[in-house]
């Protein structure tokens, strides 16, 4: 294989990632007034997350946790192949509505984030944004091998291997892909955790914010968003 | 040709500037930039549309994909031929068996293996079942995009019945991993035909109902008829295949044109319509759903009961295939689905390239078709083209 | 838009009075074929790691587990499943050589700690271990690798029956590659082979059609590939994981195939032994059998001068004088021996080493290696065994191979069930066929058919050639009438070993048989001749209870200059001889280096 | 099919013609001729359906193979035109004016292989990857496993054991290695 | 006890009843809808849990004062409607604060919440909120038109703008109900009820597919809780308005529950089997069909 030596290795592309959409710019308003727009400040809030302590009265907290457990609103973000099993889950065969599970189209109103399998780096960025927009308390249910240790795509250059490095995870469901039954079991586990007061990962995220951010920034090259995007 | 009288006047839309790019001055306050997706129920799967709106109307659309990119084609270059089977299947999650088939067929063609008769029948059966379950999702799904939820509910239940049959036959619910280079991984279980027939009877009933509730629905018609009409000239320009091309009057069906497996022993005709709006595209799929049911019945009636289902292959752990290249196509529910495989004599493929119908339909066709559409129709249009992001980016 | 279009959709309301189709309890069982979580039959599993090899996700890791011993044919490793990687394709089940790995139809497992999802099925007890249903190998004839041996061209029994020409023709290239293709490269054979040959590696070389690489691999551990490729006792094939369900790989024939492909002239070039360094150390080796040849080969490579002393006129020892040429032609022995000779090893033939000579050797050489083999026959000692027509198989075989005229009667009975017994049986059959045109040889052994020590194919081939094999009988007496042997009386053998696993056969004296014979050949084992050890030396050496010299792990006897090897130490087996020759070579080298 | 190839061979110097199936043919054309060839195929020979534009990396020969697969929907046959381009200066004439979809293929090839197609629309926009700053990932020299392990830190697992080595170490710990490199 | 104080007490009690009835009715309708889709649907107590859950959300993030006030406006719109809506005819205490000419005020309050929501959601900054609001306002304007015409028609018919009087005029047998005495106005009003209760085919404003959730996209936690509370009240009160105007009102709570349920069910009955109109389609539909009927109703009673 002496020929191989002759092959010139292309140098790594040095790219700058600047989206003009997010750059500071001067804008003339309809009334002719000029003003500066800084989307990174204006479109987002970059306030750091805070720890929200549970209610100090145990009985109240227990009651609230019961309500939280019985009303799981799922963010309808199909991140990977596992999302195909969310359809059957919410339709006649399995009818998860019976168990208080309901899809919501906006992260603001969701409590449960189902990471349905592999996450491409590009999706991870959106997942982080969506996760951060979800209100505290929030729970993450990770489906399938891919979120645990890379699964099928352990050697792919574009999918992450371990989800818990980037956002805290409450429960993992084994399978590739997990069946709706397994997903329901995942919800049951989540309910158990919430009722026991063990699902406080939103606070964990706030506490270890720097660690999570460092991990996230390590692989997302085109960051282009404030550190915390409310 | 008055039917295809498309409004080609785009003078009110952004015009190309000197460098050929459209000038959309967001700061002029004439346009709004809106991202639909990836976290949005109104896109099919995990993809995003960057829409520029003037009011409710889209003046510019860009498709953004890559949210599901796993680098399959790179990964398969690292996989043995037997291992590529379960990697390739995951390229499209909505209808995985076609992936399996084209992959296995490529390997078989390049290595010169002829699969046994029984395997051909079972493969055809599985492919048709796979088309059927995909149609059961997408046909009522077209109603779902406009808010008709009950069709989706029924359809998903019917799909569950097919998935049950799949589970029984193949051992998997969604990813069947049932074809292996050389044949399939088992015969039909006992009583399968009977249970299949029971499921098909339920589906027959569903077909009628969905016609009453969806295709005869005044509001549904209002939302879909004459919306997002496909110019027949676009079919070749964009490389449109499958039901979308057929609804525009192009009789293109891989099963008829390039018969594979045992499709030439089955009795069916390609379904065509001659005005491709959302309604007709969905209607073609509805007819094909019935056709699939019929084909499954034909297959089950004609197929032999017993037989070899796998041809002997070399030891799969070090199976080397001589240098060559092959392009194999099959008809999926979305149309022609092809795999281009190049081998170099080693035990791993040199290059695998998948050509799914969405590659053109969801990128360049969608980008052009959305211009002038109402944003409320974006999801309908995407579903009517059956865009599937994982097969675009793989 | 018509009124129908407005009214028809309301038909959907008919459902409201029907019972919903939702499952009351959604936790269903998987289908009988469902590919759920793994289970493994720990007893049946041999830890071959084929599952690991086929797993594309590297989800399977072979790990040692407590409670499973590493033994011949079982690596002691068991698959650990990582459900952070698994994709439930079930290929590991399909390819499993023992069919011990299966999948249950259990499909629900939720954890909070992902580390729990790594487990060893069968060892870590799981709820689904007892489930019957789930994915199994789809059909008995569904395989991922060939199950049947590629048959080798050989002469038919009629053609071969009367000549001593080698009857197994060897593989053609296509056949060899087909056979090599069946290998799953598990490597279970490697540790089992006494010489630890790189079996999967050289089989791979066959697949790649790279014979030179193959030969290099062979010579790393075995300098007699032509010989071993024909007559090795192939312990490797007994443990071959491919043989768990189908026929084990013909590892021996493949080895022979490699050696056969390369003419001896090219050996030097391929093995890169043109200019090997020669030091000043001298070693004498007694006996030119496989052990000595092997030791001499490796010692030469290490740069030592070797001289082999052989009593008979050719090298090869038992391989030449004990094994009939239809199994091992002499030119093949010569091919291997010549190459060793070409490395600078000196052969001194027709020289009997006796007690004085041995002392002389000790004085003239730096070290002496003795591997004189087992050349004395053992007698059954039954009444009539001292008759002149009762022969020892070893003796007869030597005479046959040396071309001496021996007595060939019409009816022969052979006592013994080992490979040597088969050799003499088949040799006698050939001689009889040549002389009388028909075969009347009968072999009987103490062991019953299933535990006969001879190789299966030897027995089968012997029967093909017309010999009768009637095992399970213990010899009682030889009937002699008028000084001529009439036949052999036998009685049924019930068991051979007692509860302490000591040799103590039990017979059913009621159940008797009589084999007619003009000649009886005893082939029940061999003994060694160590007359060349003087009493003085013997007193300095130690022996084990069975009368064998005790040696350390590098085959050094209690006298540091004396190394012992071959059949004398480990019993009659060529591959063991080669292996311990190699070990002794390393030992001698170390000894010589330390002596400096 | 053969007639067509013979006809085209004269004008375009086709080589390496492989008749894969009765209705499928592969042929290699020169880099300079390819665009005019496929234009002729589209306009005159009825190959109106463009199927696929793909690239194969023959790193040993230092070339990229571009494959243009064209389909004639009326005659129902396919023709794949291969074209070899230099790996070091990977540039190819764009064909986006022939079929709208080719622009997408070219965007992908630019991103995945780093092949330039001058004048192809939106060529330099991110298509699938986002913020990629390594060598183009589909090139053969890009080691995806290494990249993945360095970037995405997989969970630790026990070391796997090779049965042969493990058995030997366990059963015969002091005996020799059988790899060809160590002689004796 | 002072009558006014007592009335206040009864009004608050009525509000509680209406709220719970609204939640229960919502759950019942969802269960019925689920049955059409061949499934069981949510448990009947799910809305209460959702409400508690939403109020228990710890994060509460405001995008500005108007964002905060939006749900408050919306709730006051709903409560305002309730305050001036007589519940049970025949009991002085369940009439709330209905007074002469309250019909006009009720028409105003119907729009009031919507406008408050518009301002609040607009401040949220999410483009989908803005799109939802602009869609919602344009659609609601056209929904109001036929409703207003129908109300004008019955105002002319009964010659009053007081709901109590309209109800009392319908007493004495169901043949006296407006639905029989003025069917044209009833049809116009019932068609616009479909829009008022924002069910299919007129719910593009909050459609998930076309527009994730519309105006409340940014609302979460207790804000959403307020909106849900309002929704429960509003649906009952709207149904009560139609009950009072067209179906003879209620003389006891049982009648109240039955009638509001059926009126509410009407929108579900249509909503389940029809998909959504686009906004311009629904606008033109309201302007074509109910508006024409409404004009007809007015002309008939001119």
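Should a chain be cited, it is by its letter among A, B, C, D and E, assigned in written order, with residues numbered from 1 in that chain.
To be clear about the criterion, a residue touches a chain if its C-beta (ideal position, glycine included) is under 8 Å from a C-beta of that chain, and two chains touch if they have at least 3 such contacts.
Model, not experiment: these values are computed from the prediction.
S.K.: Under the touch criterion given at the top, what is the topological distance in steps from subunit A to subunit D?
M.R.: 1
S.K.: Determine the groups of chains connected by touching when subunit E is not counted.
M.R.: Contact components excluding subunit E, positions unchanged: one piece.
S.K.: Report, in whole Å, the distance between the mean C-alpha point of subunit B and the mean C-alpha point of subunit E.
M.R.: 43
S.K.: Measure off the straight-line distance from the CA centroid of subunit B to the CA centroid of subunit C, and report it in whole Å.
M.R.: Distance between chain centres, rounded to whole Å: 55 Å.
S.K.: Taking each chain's centre as the mean position of its Cα atoms, how many Å separate subunit A from subunit B?
M.R.: 28
S.K.: How far is the middle of subunit D from the middle of subunit E, if each middle is the mean of its Cα atoms, in Å?
M.R.: Each chain's C-alpha centroid was found; their separation is 62 Å.
S.K.: Multi-chain contacts only, two chains or more: what residues does subunit D have there?
M.R.: Within subunit D, residues 129-130, 137, 142, 144-145, 155, 157 contact more than one other chain.
S.K.: At which residue positions does subunit E touch at least two other chains?
M.R.: Subunit E, residues with two or more chain partners: 34, 36-40, 208, 212, 272-274.
S.K.: Which residue numbers or ranges of subunit B touch two or more of the other chains?
M.R.: 40-41, 66, 69, 71, 74-75, 78, 86-87, 150, 153-154, 157, 175, 213, 217-218, 222
S.K.: Please list each pair of chains that are touching.
M.R.: Applying the touch rule to all chain pairs gives A-B, A-C, A-D, A-E, B-C, B-D, B-E, C-D, C-E.
S.K.: Enumerate the contact residues on subunit C facing subunit D in the complex.
M.R.: Touch list, subunit C to subunit D: 47-49, 52, 61-64, 70-72, 75-77, 80, 82, 84, 114-115, 118, 186-192, 196-198, 200-201, 213, 216-217, 220-221, 298, 301-302, 553, 582-583, 585-586.
S.K.: Please name which positions on subunit D make contact with subunit A in the complex.
M.R.: 59-62, 87-88, 114, 129-137, 139, 141-142, 144-145, 147-149, 151-155, 157
S.K.: Give every residue of subunit A touching subunit C within the complex, in rising order.
M.R.: 92-95, 98, 145, 148-152, 154, 164, 169-176, 178-182, 184-186, 188-189, 193
S.K.: Would you mind writing out the residues of subunit C in touch with subunit A in their complex?
M.R.: 20-23, 26-28, 30, 37, 56-59, 82-88, 107-112, 114, 117
S.K.: Which residues, counting only subunit D, touch subunit C once they are in their complex?
M.R.: Those in contact with subunit C are residues 155, 157-168, 170-172, 174-176, 178-180, 182-184.
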